């Protein structure tokens, strides 16, 4: 079995996630799920006076890839400005994950970034966009 | 060209149809068309006291096969009883036509028989069955 | 018993390698099956030697194409024992069959307050068209529940199936649990209250003998691609007198008798429901599919799959932490949807794929079923006439390795 | 100019004999075209080496199938210059495209008294769905007439196309007259009164470069099987914002985002409109079709067919008593529908078939057009990139023999 995809780091992060939890209050929070696989990720962010990420936490459920991705992303954005967060390139996150991903799994890997940016841009709760979403 | 299909008899009948015309009054009359090719055939029949076909006429328009078939059929049923008309086998008509017909053309060949039997059975005018039929 | 080695030789894809030196173990036939050479060749011969549009073409190619296409319909009719080939409507897939009935029969027969009865184990194909119909009409959709074994709980059937029920539409075989439902019993219950019946046979027709006259169902739908046949073709069976009375679904060429600027009248069955150029190559391919399955024998296929299912459930029970959902093998078709501790099915499927093992991970288009189980997804292995016990062994070995990688 | 000999070598069927020693002369491409080897092989390779259901399968076969199917969509989008592959909905055929719009857009946007504008030269596919919609809604269908040359008579357009007109749906190319309609002019006129536009491109996309952004049409539909591609696959193009706003047509797997027992929400475009397992092999085949046509060059194909049409009309004019319906060759695509004195088209087609010549006889799914001409049927010869002038000569010789047999 070629398990290079699931290299040690991903399994480690799956077992011991970084920045796992919730922040209340937070400067922005967002939660979204992928109904197709049941992955759900929530990210809470607190900013400092210069609009930099001071504290960040994520919570949720999902596959090893989406979980590891959330750990790596939240670790990486600490200290970035809000504008830098908004512009965070998905390539950077995929590099951080560092394994070859199939098309279907790229979606898992990028769910955390999608949630982060939706929060950073102040998007409305997905419930309003996709009614019946979070029942 | 293998034109055996269109043997002399069929072309002759196409040029000089038998029993062509209308009978008014008639004991039964029926008219139907095949909208797919525009063939239309009307048959009028007068019976004698023993319920045998005394006079028969057909009119209409269509391809050489359907026209020849109407000539051959009307010629053949003279003197038959109403019951014999109702039971007239389509195989007999196909034999009278005497050429090899493809599936699509068998319909042309049998239109006259369909019309004859509908009349013999006293079917309602097709307009009532297929509204918008004869406009 | 089937000669599986001989059967496997009929399926060219089974010699393919998933990755270099990793032979394919295809365990996703419930999603879409593989195709035997006979089916591929039937389509290829049509495309290479007598390809032409069907119906009313007065030249040899078109006549040959029409004959082959209509012969395929007659074969399908015989295969499911329909009384009449005119009761076999060719559609794209089972899904279109449900939509056709929901639009055509539904628009004419469903009113506000009427009830449509389904079950909680249905595929989305047998849920969403009825929900859309119910929304349009103000009707109500109700569901027969299943129990903890994935078996329909009929204890309250009398409350769900009443004279308000206009149609009871349910699956013959669950595509997740594999449950083989008591079709005849349920149809009898529906008839007793005057409800119509529609059977989702997408997972049944490929795997067991099906007789629509014995069922005495009003409608039944299935897909070609799950029964060794082509994509792009499926079947809606309907009783003749019902189909006759129904308005058309789609309008266009071939389904009309006459078109004027003011209005149109309809062709005879089955063409009334087949608008435009049909899936000709695919219809002809489905004819060859039915020939192939008939030649192998549907009873033999069913018996072999029963054996495989027993074998699989026993083998899988050796994987620690693995739970197969659904009833025991004796009540089950060749489908094993399972969970493995808290592992996400995507991770399981991806790791198995590295071993060449193709299984499906997800909700298998049965979200309500999964929601009731408290799961977002399961991993599903499914079997067909070409599956071998050795492939099931490879699945079990693969699952052991998944455990290792996740340090379980 | 095209190298026709080289092109003919791409089409295996062109070496077939209609009858022993009677080579096939295929002049019925407007009904359904022949397929080049590249298309047959693309489908065969899928079926033999990576056949699997698409979307969300996490194993190599399914990923390869999904990639190929979605790549085909992107190719089609580029081929018609759609802004976005999400604007390309795969349907069974052009006919389904019209039905999809008539049901989904129509249900949401048409009310009693609204007008739907068509033309008198439409194919039934672009008439019947609108008649059915109009019946459901109490709307009115109106028609732009054509003149004695088979050209749209626009002199009263301002009375037909008014602010009551909700949609103007018309063909880019008539499948009987061959008339190439002034699409951009008609779209501009529709926009001026705020009407939506839908283009029947079933006879246009196969034969000339088509650019939906240049047209600026709202919807456009065509079929794979008329453009050297497979049966069972066609395309509905729609502007993204319109498709986004439209309710789904058919319900089932793949088109949903989430299904609960109570209700469902929809997937993103284009999948919102593709319910159930799609025509996978056929979609992949359509991708190969577009590659093939692009490689040959649509402008080259159009130019060659213009040449053929001129040639054919001149050659046919030598047959006494023969009348070709429609405009002169300069305004016409490669279609010649004709009558020969009072001979019935069925007789003509049958006799030509004995010479191996495949033409179509009938109303070509355009009954209102024929009725206006006072005809029940015409005989139609139609050309494509593989047609040769020598084949047209054979047609003319055949017609002379038909005259002899009928003693004309």
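Things worth noting here:
We just call them A, B, C and D in the order they show up, numbering each chain from 1.
Keep this in mind: contacts are C-beta pairs under 8 Å (C-beta built on N, C-alpha and C of every residue); 3 or more make two chains touch, one makes a residue touch a chain.
This is a predicted model, so every value here is computed, not measured.
Between chain A and chain B, the least number of touch steps comes to 2.
Under the contact definition, chain B and chain D share the contacting chains C.
Using CA-based centroids throughout, the chain positioned farthest away from chain C is B. Computed centre separation for the pair chain A/chain C is 38 angstrom, with centres defined by C-alpha atoms.
For the pair chain C and chain D, the distance between C-alpha centroids works out to 31 Å. Distance between chain A and chain D, defined via averaged C-alpha coordinates, is recorded as 46 Å.
Counting partner chains per residue, chain D has residues 19, 56-58, 258, 260, 263-264, 346, 350, 361-362, 367 touching two or more of them.
Among the residues of chain B, those touching two or more other chains are numbered 35-37, 102, 104-105.
Partner chain D is touched in their complex by these residues of chain A: 35-37, 102-105, 130-133, 135. Within the complex formed with chain C, the residues of chain A that make contact are 1-3, 5-6, 11, 14-15, 35-39, 61-65, 102, 104-105, 108. Of all the residues in chain D, the ones that touch chain B in their complex are 19, 344-347, 350-351, 354-355, 361-363, 367, 375-377, 398, 401, 405-407.
Chain C makes touch with chain D in their complex at residues 12-13, 16, 18-19, 24, 26, 28, 31-32, 34-35, 40, 44, 47-53, 56-62, 92-96, 98-99, 102-103, 120, 123-125, 127-129, 131-132, 135, 141, 143, 223, 225, 230-233, 248-256, 258-261, 263-264, 275-282, 346, 349-350, 352-353, 357-362, 365, 367-368, 371.
For chain C in complex with chain B, the residues that touch the partner chain are 56-58, 63, 66-67, 257-258, 260, 262-265.
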